[in-house]
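Chain nomenclature is as follows: A, B, C and D, assigned in order of appearance, with residue numbering initiated at 1 for each chain independently.
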Amino acid sequence: MDLFLQQLFGGLATGAIYASIALAVVMIYQAIDHFNFAQGEMAMFSTFIAWQLLDWGFPYWAAFFACIVISFLGGVAIERIVFKPIHNAPVLSHIIVFIALFSIFNSVAGFIWDYTIKAYPSPFPSETPFETTLIGMHQLGMIAIVLAMLGAIYVFFRFTSVGLAMRAAAANPVSARLVGVSVDWMLALGWGLAAAIGAVAGMLIAPIVFLEPNMMLGILLYGFAGAVVGGLTSPGGAVVGGFLVGVIENLASLVPFIGSELKLTVALVLIVGVLLVRPFGLFGRVVVNRV
Amino acid sequence: MPTRNPADMLQIAGIEMVSWRRIWLVAGLVIAIALPFLFEGFTVFQLTRALIYAIAILGLNLLTGFNGQFSLGHSAFFAIGAYTTAIMMDRWEVAYYWTILPAAAVCFVAGFLFGLPALRLEGLYLALATFALATATPQILKYEPVAKFTGGVQGLDVFPDDSPVSFLSNDQWWYYFTLVVALIAFLVAWNLVRGRTGRAMIAIRDNPIASKTMGINTALYKSLTFGVSAAFTGVAGALEAIVIQFVAPDSFTFLLAVSFLVGLVVGGIGSIPGAIFGGLFILLIPNWADQISQGLSWAIYGLFLIGAVYVMPAGAAGLVRLVTMRLAKKPSG
Amino acid sequence: MSTYSKYLALAAAAALGGMVASQAIAADKMYGPGVTDTSIKIGHINPYSGPASAYGTIGKAIAAYFKKVNDEGGVNGRMIDLVSVDDGYSPPKTKEQARKLIESDGVLLIFQSLGTPTNSAIHTYMNKKEVPQLFVATGAAKWGDPQNFPWTMGWQPNYQTEGAIYANWLLKNHPDSKVAILFQNDDYGKDYLHGFEAALGDKAKTMIVAKESYEVTDPTIDSQVVALKASGADTFFNVTTPKFAAQAIKKVAEIGWKPIHLLNNVSASVSAVLKPAGLENSVGVITTQYHMDPTDPTWKDNAEMKEWNAWMDKYQPDGDKASSFNAYGYAVAQTMEQVLKQAGDNLTRENVMKEAANLRQFHAKLLLPGVEITTSPTDFFPIESMQMVRFNGTTWELFGDVVKAESS
Amino acid sequence: MATLLEVRNLEAFYGQTQALHGIDFSLEDGGITTLLGANGAGKTTTLRAICGMITTSGEVNFAGTPVMGRKTEDIVRQGIAHVPEGRGTFDRITTEENLRLGAYTRRDSAAVAEDMETVFSYFPRLRERRNQQAGTMSGGEQQMLAVGRALMLRPRLMLLDEPSFGLAPLIVQELFEILRTINREQNVSMLLVEQNASLALSLADHAYLLETGRVVMSGTSEEIASDESVRQAYLGY
């Protein structure tokens, strides 16, 4: 029982990692109707920027918010510079550019900051207020921040006209233009927001897994899994999905023949399984078009 | 969207296009046969690998280009093909040339089976499921119960016989062997795409609902295409095992699947000859990037990719089509 | 006499037959591929990109070392022309690069190719081609097999040996301990495991209470550490690469587990592992070493360390002085230099291999005092001694003697 | 009456193919004008060209300002609401959110809320379905939503592309009644494209007849409706 609890909470802690990335994945999906395979690398790069700021002597929160702003602008710039010329190209061309961005960010980060791991500070105290070793203070704080981001995103999409316009631009760009939405800038805004969320995720993940150029390689897949399991159209679903993937993966390691050797395979089976039963994820909306 | 369907383009350009294509074909074949005598062993070895990648990309093309299903997981089928060959040669000492068809068969079954659940997935979701498959493949190959066959992390050495032709070196021999397999693969693909099956595949890609009402068994065709596509890629994997003479789980990471996708897009989606260009691209460009700067080789590769997408939005095949169309147009005015 | 005849027999068996005859004219210049009167071309394969790119530092260090050698007049008057290529830690790519180096660039030998799966991919090829695959950067035991693979040689103590050292130490000092093991799910991890289990012998079954593995793609190893603690173990054998080692050290402290913590040498760097993990969390961690850690204050005034520092300043001004990879590359490159020196003007592949198997108590600078490199035609394990060290919060403290574990 | 929209020598291309060969027409403020013609005559293309959705050349003046060559979203901001072919519903969001999007360019939230009520008063069924996912509504309801969404812009001109397409005759009748009411009550001018010529002529006051990208005839609805050739070709009696 003790072990079960340990793994459950451990799963929640890892789940928070996946959830934060899943949130960024959903954000960009809302904007461009697509995955960004370079998402993890962008988050990693943002975290390096924050690390660099800290190294130059910035206080934690100054670096934190500066990094968010820089990442936002960077995201906007990527859309405006790299993707603008290929707006009308087929989807696969976009995927190739995602792959290109992936290798560029990974390589440049390694070139500037090299590949040895770096400790990244946590903004939270190291002591938990209550007597438990089940979950650390950083993990708790991370869960809180993820939920806060989720709330902010919910409000943004639900109650602001820009949020609404963003969803409209992604779902039906032609119609969106006809109601006066500048689709191009919505795309750029989506990129910026996704980059900013990714930056927060990166800065929260780095204290746990350590900062290095390849830190997101494994995490991104789980983040995708969380987003898909929860439903790509639902930020809340993505967060729940992220936690679910973390918990199930950890609990699966208790099953004797799976052990920790097949954790990744468990994630695979989970993705395919959920999609077979609910093609739009657990919380995703089913889109029905009547003619 | 520019030039989606090569068949349409052919009709637009008319007869001239066909004769141009014939010239390309003959010239290509002559060059392909002459190449091993123009270069030293290592380059021939590289060309062989480019051909192998071309076959793998061709397989992916059947699925994505002609049937509209995405896959980021073809490294898995490449691995299954490679391991089929390696295990047959390692355990039962089967001669290498007898392992190609079994590798294709095993991959066909694997692809078909994976294609069944994939039926319910579309676009992104399918891409993700296959991406997960690619990431899990090395892990599964190392898994204890299968490790006795796969050699686990250590991998398996493969010892194919030497060149049976006295005036051909091993490299030249492997090249011709691969070339023959590749020619067969391309011919099969060509006939498949232009026949009834191909029309059904393309119909499903362009309008799944309409093709259903036309009486095409979309589910069957989609799974079949998945199987056929996997079989092509599996043949490539088998050849790779023979030529590299070694298989290990780390050879088949998701980066390989990503490479295939890159080759597909750069070569030209829905273009059969484009696969050859794709194979050359994914083999040569990383090497060039590495020569330009070791530390930043991936970044340079990334820039190459973006450049390729900008310059050739419809892949190399699209570019060639555009150029030949211009050339064909000129004399007639 | 008996050693000599054994040597002869082995040499013949290992297809080195031509060498005996050539010894008669050893005074003359004999060159293999890639060698001229003024230069020696050496191939080198390293992952500068991909998942193992952290090791790229070693390649840079080696290149910088040979630059120093060349600036000082080269080896016996010949400049070292190091052709260093990237394989991204992908076995087929390694094969491609090895072939390029040998067939296209025409190198004399391949030096320090890194990684077990990658070296496995070219193992047979190198031996069939009869090209030296020298001092590979991996500690798998299979690299010391002169009988079957006379052209391949390792360098660092092999993982099994090191595993055995920990096991013997436990048997002697904590015979009743309950051991939990975390290992990377590949042959690097499994080699450690085998060495450790074999040395424990019959007691392995009772002493090892839990084993957990992880994949390099796993984001964290938290759940494994939690499970290991739950097994009730009082000893933790940590067989992980730097990133996961740091995670494990941190996690062990976080969940309030206080085991005897045995850390494999792969992750013994103070700057790359213990510092990120938290120095306070690392107190008491035990590992083995065979070369000095540049960040360890113990060696601050050591002459060799001072020399290394001067070299870093001159040849790698941007390099990370805290990285033990820079120390490793420095030491292994000296070994290569020594072999070439010994070979004199007889720079054939056969003779280079013969001299590589003829190192007599060579002390590469930066190896721990008492750690020496010795090889023979039957012993392809250059470094076999290590010393156990314990971390005191700022530095590694040597304890016990230099331990030599004979490889089987 | 003043001229609201003036189109001079409008040309448009789809790739290499020219779809419009210099079209001229104008539309009076407060009026309803219809473009008639067979499939492929260039009706929809004309609407798209006005909104800057395709590459064009020529001159388009709206309320005295040239809008040719500007971005679609900027043209929309001038007060031109386009009810596109196929209704352009935002499937995944609710009816109410669809309507809110229609008012995206407006900042007067009080007036927007008022207009939402107005739309609901024209189309009570949209009020019933205000929280329903728009893509799940019937075709008629989606067409009403499209008109409602356009109305939320408080446009001076509404471009209607085949609003009757695919709808049951009863619904079409209802819809056209409402369009007439909107035209009168809200003073919204309309440019209507219709396959169903008699329906279009019953609503419009002016009509232009397009054939293969050219205007071949123009006049008041009565004039056009009484033309012999038009009657035979388009009205079918």
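Just so it is clear, a residue touches a chain if its C-beta (ideal position, glycine included) is under 8 Å from a C-beta of that chain, and two chains touch if they have at least 3 such contacts.
Here the structure is a predicted model, which is why all the values come from computation and not from measurement.
Asks: Among all the other chains, which ones are in touch with both chain A and chain C?
Replies: Chains touching both chain A and chain C: B.
Asks: Taking the touch definition from the top, what connected groups remain once chain A is excluded?
Replies: Take away chain A: B, C | D.
Asks: Taking mean CA positions as centres, which chain lies farthest from chain A?
Replies: D
Asks: Please work out the Cα centroid separation of chain B and chain D, and write it as a whole number of Å.
Replies: Computed value for the inter-centroid distance: 49 Å.
Asks: Roughly how many whole angstrom separate the Cα centroids of chain A and chain D?
Replies: Spacing between the chain centres: roughly 42 Å.
Asks: Roughly how far is chain C from chain D, centre to centre by C-alpha average, rounded to an integer in Å?
Replies: Centre-to-centre distance between chain C and chain D: 76 Å.
Asks: Specify, in ascending order, the residues of chain A that touch 2 or more different other chains.
Replies: 107, 110, 221, 261, 264, in rising order.
Asks: Please output the residue numbers of chain C that touch at least 2 other chains, ranges allowed.
Replies: Where chain C meets two or more other chains at a single residue, that happens at 49, 51, 56, 185, 215, 217.
Asks: If I count partner chains per residue in chain B, which residues reach a count of at least 2?
Replies: Residues 135, 139, 142, 295, 297-298 of chain B touch two or more partner chains.
Asks: Every touching chain pair, please?
Replies: A-B, A-C, A-D, B-C
Asks: What does chain A use to touch chain C in their complex?
Replies: Result: residues 2-3, 6-7, 10-11, 13-14, 17, 107, 110, 114-119, 133, 136, 205, 208-210, 212-214, 217-219, 221-222, 249-250, 253-254, 259-261, 263-264 of chain A touch chain C.
Asks: Over in the complex, which chain D residues touch chain A? Could you list them?
Replies: 51, 53, 71-73, 76-77, 81-82, 84, 88-93, 97, 100-102, 104-105, 133, 135-139, 142, 149, 153, 166
Asks: Touching chain A in the complex: which residues of chain C?
Replies: Touching chain A from chain C are residues 49, 51, 53-54, 56-57, 185, 212-220, 222-224, 226-227, 229-230, 242-243, 246-247, 254-256, 271-273, 275-278, 320, 323.
Asks: Spell out the residues on chain B that touch chain C in their complex, using ranges where they run on.
Replies: Chain B reaches chain C through residues 40-43, 45-46, 49, 135, 139, 142, 152-155, 157, 159, 240, 244-246, 248-251, 253, 255, 290, 294-295, 297-298.
Asks: Which residues, counting only chain A, touch chain D once they are in their complex?
Replies: Listed in rising order, the residues are 161, 164-165, 167-168, 171-172, 174-183, 233, 285, 287-291.
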